[in-house]
Amino acid sequence: MLLAKKVPVFYLIRKVRYDLMYVIIVAIIVHGLTRQLYPYLPEMPLGIPTFLGTAISVLLSFKMAQSYDRWWEARKIWGAIVNDSRSLVIQLQTFLLKENTEKTIRTMAYRQIAWCYCLGQSLRELDPLANMKTYLSPEDYEKIAKHNNKPLAIMQLNAEEMKKFRKANEIDGFTHMQINSTLSRLIDSMGMAERINNTIFPVTYKMFLHFSIYIFVIILSIALRNVDIYYEIPLLVALSLVFFLLEKTATHLQDPFMNRPSDISVTSIARTIEINIKQLIGEKDIPPPIAPEKFYIM
Amino acid sequence: MLLAKKVPVFYLIRKVRYDLMYVIIVAIIVHGLTRQLYPYLPEMPLGIPTFLGTAISVLLSFKMAQSYDRWWEARKIWGAIVNDSRSLVIQLQTFLLKENTEKTIRTMAYRQIAWCYCLGQSLRELDPLANMKTYLSPEDYEKIAKHNNKPLAIMQLNAEEMKKFRKANEIDGFTHMQINSTLSRLIDSMGMAERINNTIFPVTYKMFLHFSIYIFVIILSIALRNVDIYYEIPLLVALSLVFFLLEKTATHLQDPFMNRPSDISVTSIARTIEINIKQLIGEKDIPPPIAPEKFYIM
Amino acid sequence: MLLAKKVPVFYLIRKVRYDLMYVIIVAIIVHGLTRQLYPYLPEMPLGIPTFLGTAISVLLSFKMAQSYDRWWEARKIWGAIVNDSRSLVIQLQTFLLKENTEKTIRTMAYRQIAWCYCLGQSLRELDPLANMKTYLSPEDYEKIAKHNNKPLAIMQLNAEEMKKFRKANEIDGFTHMQINSTLSRLIDSMGMAERINNTIFPVTYKMFLHFSIYIFVIILSIALRNVDIYYEIPLLVALSLVFFLLEKTATHLQDPFMNRPSDISVTSIARTIEINIKQLIGEKDIPPPIAPEKFYIM
Amino acid sequence: MLLAKKVPVFYLIRKVRYDLMYVIIVAIIVHGLTRQLYPYLPEMPLGIPTFLGTAISVLLSFKMAQSYDRWWEARKIWGAIVNDSRSLVIQLQTFLLKENTEKTIRTMAYRQIAWCYCLGQSLRELDPLANMKTYLSPEDYEKIAKHNNKPLAIMQLNAEEMKKFRKANEIDGFTHMQINSTLSRLIDSMGMAERINNTIFPVTYKMFLHFSIYIFVIILSIALRNVDIYYEIPLLVALSLVFFLLEKTATHLQDPFMNRPSDISVTSIARTIEINIKQLIGEKDIPPPIAPEKFYIM
Amino acid sequence: MLLAKKVPVFYLIRKVRYDLMYVIIVAIIVHGLTRQLYPYLPEMPLGIPTFLGTAISVLLSFKMAQSYDRWWEARKIWGAIVNDSRSLVIQLQTFLLKENTEKTIRTMAYRQIAWCYCLGQSLRELDPLANMKTYLSPEDYEKIAKHNNKPLAIMQLNAEEMKKFRKANEIDGFTHMQINSTLSRLIDSMGMAERINNTIFPVTYKMFLHFSIYIFVIILSIALRNVDIYYEIPLLVALSLVFFLLEKTATHLQDPFMNRPSDISVTSIARTIEINIKQLIGEKDIPPPIAPEKFYIM
């Protein structure tokens, strides 16, 4: 997540540097051509590029809205993971009525912490087993290492734990169901995050919009051919910059688990969950929140 | 689902080739007519086509938003199918407390895999029984072959299985209800996908928008009659191309189960479910994910 | 529901014929007046009607979006009715564990089919009792005939049936609750469809938008007074046609249960439910789907 | 709720009469000033007011969309109240298995009717106890009269009734829970209606938009200073009228419980609930639906 | 929450005073430069700044819509807190069947009141323990003081209370589950409010929009260089003011828990909950509602 007020200009410009270069090249070529062909060319009324620019801004706004919705949905999913993780621990504490359940609760709570980190890593296509040994027992680690979908395997471990309780008659069917539906909701959240990660935003939509911005630049540079090139190029760059920067922002919002500074800060959220859960189970050794990088937090 | 960065230009142009031809024909006819009638014709101010173009871009953006919502809803439905399929298996494993249930769980899990493929095929109006023999027993296959709605028939088989368990008192009413509501959610998802597939996007909306684009082309070509035809036609084509391509994209997003490259990749999703479920039940022989075609994945 | 590709032009034009007539009359009057008063009139810059036209297109797009949402919500409600009707039958089959329940299930399933047709008819303000004798026993028919709200009365019959089962201890409280919540969801869907049907889309919103289109036509015809009337009228008609047709489409989408070709096809959906339910309970005599009319399906 | 086709022009104009007066005054003052200062004034290009007008129409459309959403949410809440009220009665009838419960069901059903009227009155800041004696026993009336939040007090009465049943073991914990969750949903609906009623639509948003319309009027009247005042004023009034009327419509939609003709028709909805409930419990004396006023229904 | 009709102009202007200053400085600099370079400068057609202005208004409207959604979501979350707090108390009263539970209900109800105030304070980064001693026992106060997340600790206390009841067999598993899910919903609401508070609105989106407004001001001031500076500056200020004020409104809506007058009025809502709960448990000493400040209520 980018932090307010600290994003360096360099970071922003780098995102659109190729497009700006192309704009400058297009402007110079069009300028050169129109100079050559001046006597043969009819006038291009300014109304045409400005109408096209308005159309692009409308289309871009809608695309931005859809990208924002994807990003916000992703954030909501991780918000639900925070809620369900905390509720799971409180439920275990309140529903396990027998004595000496602290140890099992601790194991399950640690698995839940592990699940959060593991899901974040696997969404970002980083090593999903990183640090897993801190939170999981060696046997658990063995079991999940064999699975393709590691977070799903961790969930299965907790589900099996509940089954053991149920078979030993330490909980009734009712409690079993309750905790199971919390686990189901967590599996749902995982599936929803995977869906956002695996679904490519409609490619043609993106391409046509990008293509329209170039048509806009070309037509506008034709319409401005009477303008001296030293004024024309900054103007073209400024106007197309607005479009390209917003387009890039939209693209980054669409895919919020790409290990980029504009990501949803899943590692930091997982740490918050760790802190909350550890305090709920009365652990002493609470880690500090994740510290932000220069202008973002992962 | 179209894959990012690989879509060939040919594929895109082919989608709008007729409309582009019409635009060129309209431009030539209007050009010819206005040349003939030049002295009698009043001037068409450019403000009229550009305002109409802006209006069309606004209307098109809204239509795009509605089409995108349909597509994203369809994707969400299949995401829910992934979640509920995985939850169903974990629920069976955790709620069936008696010994020797592995075989039944395996049968039900395979039926669930079959259901996913079968639903994908029947939404695309392909043979819903394709490959069903791989996942279903001969008796099951017989039963569903007689039904109009094959996926519903598969669901009924699993519901009957649960009833047998219940009657044999292997599960309590509670567990019965839990698993039944997972089955109900899957039937709901199926119904929702069928709804999107069977509901035609408001026809008149589509027609009027298409009609407006042609009015725009005609009026713009009248307004540009002073412009030489060699400049006018590329300009008309470029501007109308933006509209036609976006309109086509919207149309494709609206109907995401038409066996087209722009479809939701239901076969690939069903395969992911197969892989996940097989690992959950401890199968050894896990199939690989569906490989993408040249520029898309089904 | 209008069918794609078959809607006759005549049907479309008839919807806006009065508005087009008014536009032509307005254009002729304004033209006449401006001719008379020519020397006294200042010029009307074209920027004013085109800005107003843009404004109208924005407002119209939003209204379209809201109307579309109403229509899509209505369609979703009927989709939920499909899902819950099928789930109800599967639930009855899986939860009624005693022998010889086929007959009761059949009675309840037929009542559910009756309910779907009856609700469709009463939403469209047609005879809600049409064909009810096919699906209901004479006693049931008697009972519902006395009620104002026939579909609610059918639901009450099924709820009473479940109570009888419960009192005879054929089902436990648990199952009772499960089936009861399916019935509740169906009552909710009915209430939601009634809500859409009984709530008038904000009248003033509609009026002001319609009024704006006329202001646009008047101002535009003043701005075009230099243009010959033979060119002006087709232009005014073409531009206002786009607005009026979209406005009419929005109006039709808003009210999807008016017994019009653009309705949600509730009779056809009820038939689909009938086919599905009859196959689930093993009936032999399955009716065919509703055949479409010339360009629509009811 | 305003009724279609009957709203008198007088009602509409009265809503914006002050704003129209201000527009006329502004136009005359600007006209006078520009006449005086004519030689010193540069030209105001028409592009500036028309761009501002477009911007306002976009902003106004969004505000309209948000107001419409508030209104539609309010209508949905009352739709949910209809559904849950009917479901409550059917649940009581189906879940109370002992004999001689008709009287209690009748008392609770009447309380539910009372709650609907009482909530409507208290949202509109009218006397919440009006007509309560018709539906409540004297003791109940006493109890709720002491509470600040009367509808909440009525709900508490019904919740206590269920507790009595439970203590007397006439219902099991299961049924208790079921009916309790219907009561909870009704309390939620009440809270949601209160939320809409108590939350002021962002004040600054409203003010800036209103302020922009005046800036638009001033700039436009400067731009039109060459136009004769007899043409200019009707034009300014017509254009600003579109904005003011839509703004007013938005404002009225935002606050749907203000005892205004444009309100959600809560009294009429409460009557529908009364009719439905009374028929469900077999009452003979069914009141007629609320008759509409001249052009609206409350 | 800002109160309608009372917001002083001073408050509004102060929010954008720096931006207005920059606009005036930019205008003067551009004016000076263009005067100097007049002979060398080509003309800047007005179409370019007006198209850019339209584009900005579209983008700003979308941003406003997204900010409004965040604000409205935050308000809904607090609405849900109102509902669940009231439901919790009614549930305790209706589900605790044994005698002499009033004292425990009172303790839990007071904890719930404390939780509402505490959550409001901690969202606003004020002292979360302020006034907590009024509502909590000294022991409870001790316990929560040690936690990082105070509201979560209060919830844990109530969850433990229910466990004690369950262990003492005063409630059955069923009731336990019911009340527990109300507590879970409250934890969810807390998590959702924290999510809105901790998630920074996409920074780059905000920056580019702000940057575009400045480009608009520069280009417009170049286009207006022929206009006398005494007319130009008020015009630039008026137009950019509309943008800056709306941008500021959007920014304030985005972050509704910042201890600003435009906040969601969480203290006032917590007081309403206190009043409602105290009346439900029959307390005599009911506090008055929070009185508004000059033009807002916290």
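Lettered A, B, C, D and E in written order, each chain numbered from 1.
Criterion: a contact is a pair of C-beta atoms (placed from the backbone, for glycine too) under 8 Å apart; a residue touches a chain by one contact, two chains touch by 3 or more.
Model, not experiment: these values are computed from the prediction.
Mostly differing positions are employed by chain C and chain D in their mutual contact, as under half of the interface residue numbers are shared between these two copies.
Computed centre separation for the pair chain B/chain C is 24 angstrom, with centres defined by C-alpha atoms. Chain A and chain C have CA centres that are 38 Å apart. Among the residues of chain D, those in touch with two or more other chains are 47, 50-51, 54, 58, 61-62, 65, 174. Order of chains round the closed ring, starting at chain B and going on to chain C, comes out as B, C, D, E, A.
By the touch rule above, chain E contacts chain D in their complex via residues 1-5, 7, 12, 46-47, 50-51, 53-54, 56-58, 60-62, 64-65, 68, 71, 75-76, 79-80, 82-83, 86-87, 90-91, 93-95, 97, 172, 174-175, 178, 226-228, 231, 235, 238-239, 242, 245-246, 248-249, 252-253, 262, 275-276, 279-280, 286. Interface of chain D with chain E (complex): residues 41-42, 45, 47-48, 50-52, 54-55, 58-59, 61-62, 65-66, 147-149, 152-153, 155-156, 159-160, 162-163, 166-167, 173-174, 176-177, 180-181, 183-184, 187-188, 191-192, 194-195, 199-200, 202-205, 207-208, 211-212, 215, 219.
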